[in-house]
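Both of the next two complexes hold subunit A, though its partner changes from subunit B to subunit C.
Right, the complex of A and B next:
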């Protein structure tokens, strides 16, 4: 039983990341009709916002110690972060909290990046076939990846969670299990809560604000909204920026779980597309539901008991479910008629 | 039936006689030369240069390791050609290389990108052999790639000097006459690591393996299980994980209540960084199981990669082929040379590739030829010292180098970002040596192309 609870938690956690990326993907598709294969790269760029903030906070003053030599005969370097020299303990705390602090940078940076991307490139492909959109956005993702690799290298860069969240919580005690039966890392719990908050905020924004109402109307019938004198293109550009921010902050918060490297976006992109397709192209609720569903099923499929009966099922379960869903419900779990159907 | 000879018959006989005469006359000077029976071979260098092919990952997950290999190769070429400070050529026991290239020819090189994909690696090696005239291919950061490229080099008739490849299969069931490996293997890791684990954790332990699902992972798991089970450890589960899984949480949580008190991570590179980091986050190192402190083992360490796991590597045991902190003359010369050129110490990948380039050049010089069979014969059974691993031998039977193996531990108080590992034991060669027939496979004959 404790194993099941742990796998549900794992699935929720994994599903939260899928859902956050898939939400942005399906939002862009539903508003702009663009299949954005660069969306994974935006998740990765968010993660590298955290890397950049940490690098900035740990900029070091380098002094040479002529009395100590390196193994290759040059004077040893003594490195002290400026921020620690200037602010003492507060500086050290700031470095410790670099991941959550990075969100403050990631939001404006990702918003600006998203708007530049939409205005500079994506809008030229609105009326082009989906194949063209996929090619250009996939190409863009590769270019972004290579730039990040050239700047930060190919190896993963560790981004530890703040010390206070470094350990695990004994959540089994809260739900009546024995001590240490169900322990789960604090940061993963925080990620789950954070994802739920972001998902809730995006849905609330689209459902309860005038802006969101216009966007939803535009998603349903772009032409009619335009005929009412509403500049729907401008709103859709902002929606693109919003989707970029969601992917970016999801990337920032995921860095203590997965040390970021230049390829991490691609790893998530394929799975997130499957999530969007299973949920139904353009369906926000579908993307979130499918994200959590596939995350949990993937975790269950990795259990030793399941793998001993069906070896390798953990590696194909997501695609298997996608095939079954598309056979039974060709438009996905919550897909609408007419989306991606000529 | 007529016996009349036609003009055609006459002219045919005359033609045959004439041709035989020309061949005989043309061959006469050669029978007096020592090259009388020397058949030509693939990419025999004709001019004043000889081309080496460096096939390393320049893109993909192991690009940083590939970049370090390339740095080491460039340094080796400089030293072979007589430039720079000479590096380990000054400490190498063989003194045939004089700093004027190899067999009077200056060494030049071409590079290829393996992308850590077998098909891409074979394509780039093929291009270097067929288009660039490379007489030898070397490099790589994966056993799958090494085995694929080794097979290609055997077919093409050039020597392959493997880079970082740790699977037993490279010089075991998939060995080839034209292939040579300086790096150690999983069998040696198991033999070296097990006694250290026994001394630190005792003989009554239950291990849980997470294993990368490809040739190296299977080989690593097999070797560690063989040696730990022999000393009394039990194996509760051995679970295969997909390469590049990223989030390993669904594989780690079953460990928590499995009854195991040791987690063995048969992962390398990015997978190792992620699985180790996540295992620590799940509190495994803080647990007590079976009345013992839970522990984690990472059998193969790479200093470059271990840095990605940050503080999580502290106190965790593993093995490595070489480490820059070694204090023998060869290691010190190499670290000095590399550090002055690039500003940081070399990785084990850089070390093994530098050694391979130097060993190949030295073998060509001793053989007086670049012909694969002659070079191979010069490498087979070659005993040497001064390249950083102590007395070493290229065993003739399987083309595997035998030398001491380093057992390392994540350093508790690093003095710099490069100071990630500390050597806790140098396991003597005699303890890690095995019979050539044990890992199977056949070398077959050399192929000269």
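Right, the complex of A and C next:
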């Protein structure tokens, strides 16, 4: 039993990342009708926002301290980050909290990137076949990935979570299991809460604001909304920016869980696409539900007990489910009729 | 009388193609590509691209998992070398058959959906194969190390014919003809010509017409009472078989098979080759494959010092800046060039290089026709067909 709960928890944080990426993908599908293969690259760019902020915050100056000597008898080098010498303890805290702080940078950066991308590239592909959209965004993903690789190198760059979240929580104790039966890292709990908040915010935005209402109307029938005199294109640009921001902050917060490297976007993208297809093209709720579902199933499949019966199942479970779903329920779990069917 | 049952312009195209393949070394040497390893790659990827084009170019179904068949072909061929004989004939035949068998199974499922769903289904199948090859199927695929020949492999047929075992690793051969070096290139080249001929026949056949009809409007075809599934499945299987054949050739020239050949970036590369040359045209994919492999080879060899040399005509400061900037795109950064090229082609030239050539030809023709009498219609028709 406790093993099951642990696997569900393990699946949730991966599922949360899938859900956040898939949400953005679906938003872009639903509004712009564009298949964005570069969405994973945006997730990766978000993660590298965190890397850059951390690098900026820890820029150091070196002072020689003649009082202390190293083992070789030379004066010891004292390295202090500028930010610490300027702001003292506050600076140290800032460095400690570099990952959450990065969100402040990631939001404007990703928003601007998203808007530039939509205005400069995606816009010209509304009327082109899906194959062309896939290809051009695939090319863009390669370009972004290679630029990041040239700048930051090919190796993963670990990003520590803030100190107080570095440990693990004994969740089992709270819900009546034995001590240390279910131990779950604090940061993953934070990530879950964070993604729930983001998902809630996006849904609330679409459901309860006038802007969101127009966007939903545009998803249902873009032409009519345009005929009513609403500048739907401008709103869709903003939606694209929003999707970019969601992918970006998801990437920022995921860095302590998975050290970012330049191809993490591609890895997540393929899975997120499967998630979108399973959830149902164009269905926001479906994407989120499928994200969590597949995350949890994947973590179940990697249990030793399951793996000994069906070796290798953990490697292919997600794809297998996608195949089954597409054949049994071609529109996905919550897909609507008429969305992306041509 | 019709020779090989093809009409005049196609015959010309075929002859030019055969000459280009046979004279490959002569053509490529002046531009620094005249060595057998590279030309073998041209031929093999040319075969692969022709196969992919039969699916994507004719039916419009964009498969994002075609590299899986290439990988399967490679594994099959290496196993044939290990178990049967070092002669490449059984290996290549088995690789083709295996590619076809897998394509039949995958196509049967994936072709139930079209458009983006098809792309994602094929991607899912390819990723499954890749993941399995890396993990559970290690006894068959030898996991990360890749499948290699061993000295003590069974090689049953070679044993029957009393081929002596030496201390060195055996090499692949075609009835005594070595598969490395120039003879290897010509074996690949002959296969390329045969594949090209098959593709030509498919393009001109009623079957090819049907596939094109599927691309332009599948719904209308269904409404007229045609069941399109057998046609798409046949195209998918043919294309999978040719991919398997390419994989077999790859293993024949270098008897080694690794899972990374099946990764989805490899599938993306073949899509790029086809698009770059011109999807749906006969020679486009081969040209695309050649261009990409050629520039991969040239660009990967560049480094900062060579670039400094190239820009030596610039003033000192500019020279450094230019070298640093272009350094992003060469050597390790070759993939960046590839991605950028990909975008540029899709944005500005969706028909690929062949469309570019046709545009230029049309422009010249229009200019000459505005000064002189209009060009006779049949000639224009023939050139369009040849360019296809």
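The definition used in the following text is that the second predicted complex is superposed on the first by the 324 of 342 C-alpha atoms of A that agree within 3 Å, B and C clash if a C-alpha of one lies under 4 Å from a C-alpha of the other, contacts with A are read in each partner's own complex, and residues count from 1 in each chain.
What we mean here is this: contacts are C-beta pairs under 8 Å (C-beta built on N, C-alpha and C of every residue); 3 or more make two chains touch, one makes a residue touch a chain.
Because the structure is a prediction, the values reported are computed rather than measured.
> According to the stated criteria, A:130 is in contact with first (subunit B), second (subunit C), both, or neither; which is it?
second
> With the two complexes superposed on chain A, say which partner A:273 touches: subunit B (first), subunit C (second), both, or neither.
So A:273 only meets subunit C here.
> Counting only touches as set out at the top, which of subunit B and subunit C does A:326 meet: first, second, both, neither?
Only subunit C; A:326 stays clear of subunit B.
> Would you sort A:138 into first (subunit B), second (subunit C), both or neither based on which partner it touches?
So A:138 only meets subunit C here.
> Looking at A:315, would you say it contacts subunit B, subunit C, both, or neither? Reply first, second, both or neither.
both
> If you stack the two complexes on chain A, which partner ends up touching A:58: first (subunit B), second (subunit C), both, or neither?
So A:58 meets neither subunit B nor subunit C here.
> Would you mind listing the overlap between the subunit B footprint and the subunit C footprint on subunit A?
315
> So in the complex, which bits of subunit B are touching subunit A?
My answer: residues 59-64, 237, 239, 242, 244, 246-247, 249-251, 253-254, 256-257, 270, 273-274, 277-278, 281-283, 286-287, 304-305, 307-312, 324-325, 332, 335-340, 343, 345, 416.
> What residues of subunit C sit close enough to touch subunit A in their complex?
It comes out as residues 60, 62, 64, 109, 112-113, 115-117, 119-121, 123-125, 127-128, 131-132, 134-137, 264-265, 268, 271-272, 275, 328, 332-333, 335-336, 338-343, 346-347, 350.
> In the complex, go through subunit A and note every residue touching subunit B.
On the subunit A side, the touching residues are 2-3, 6-7, 10-11, 13-14, 70-74, 76-77, 149, 153-158, 160-161, 166-168, 180-181, 183-185, 187-188, 256-259, 261, 263-264, 267-268, 298-299, 302-304, 307, 314-315.
> For the complex, give me every residue of subunit A touching subunit C.
Answer in residue numbers: 35, 121, 124, 128-132, 134-136, 138-143, 145-147, 150, 266, 270, 273-274, 277, 281, 311-312, 315-316, 319-320, 322-323, 326-327, 330, 340-342.
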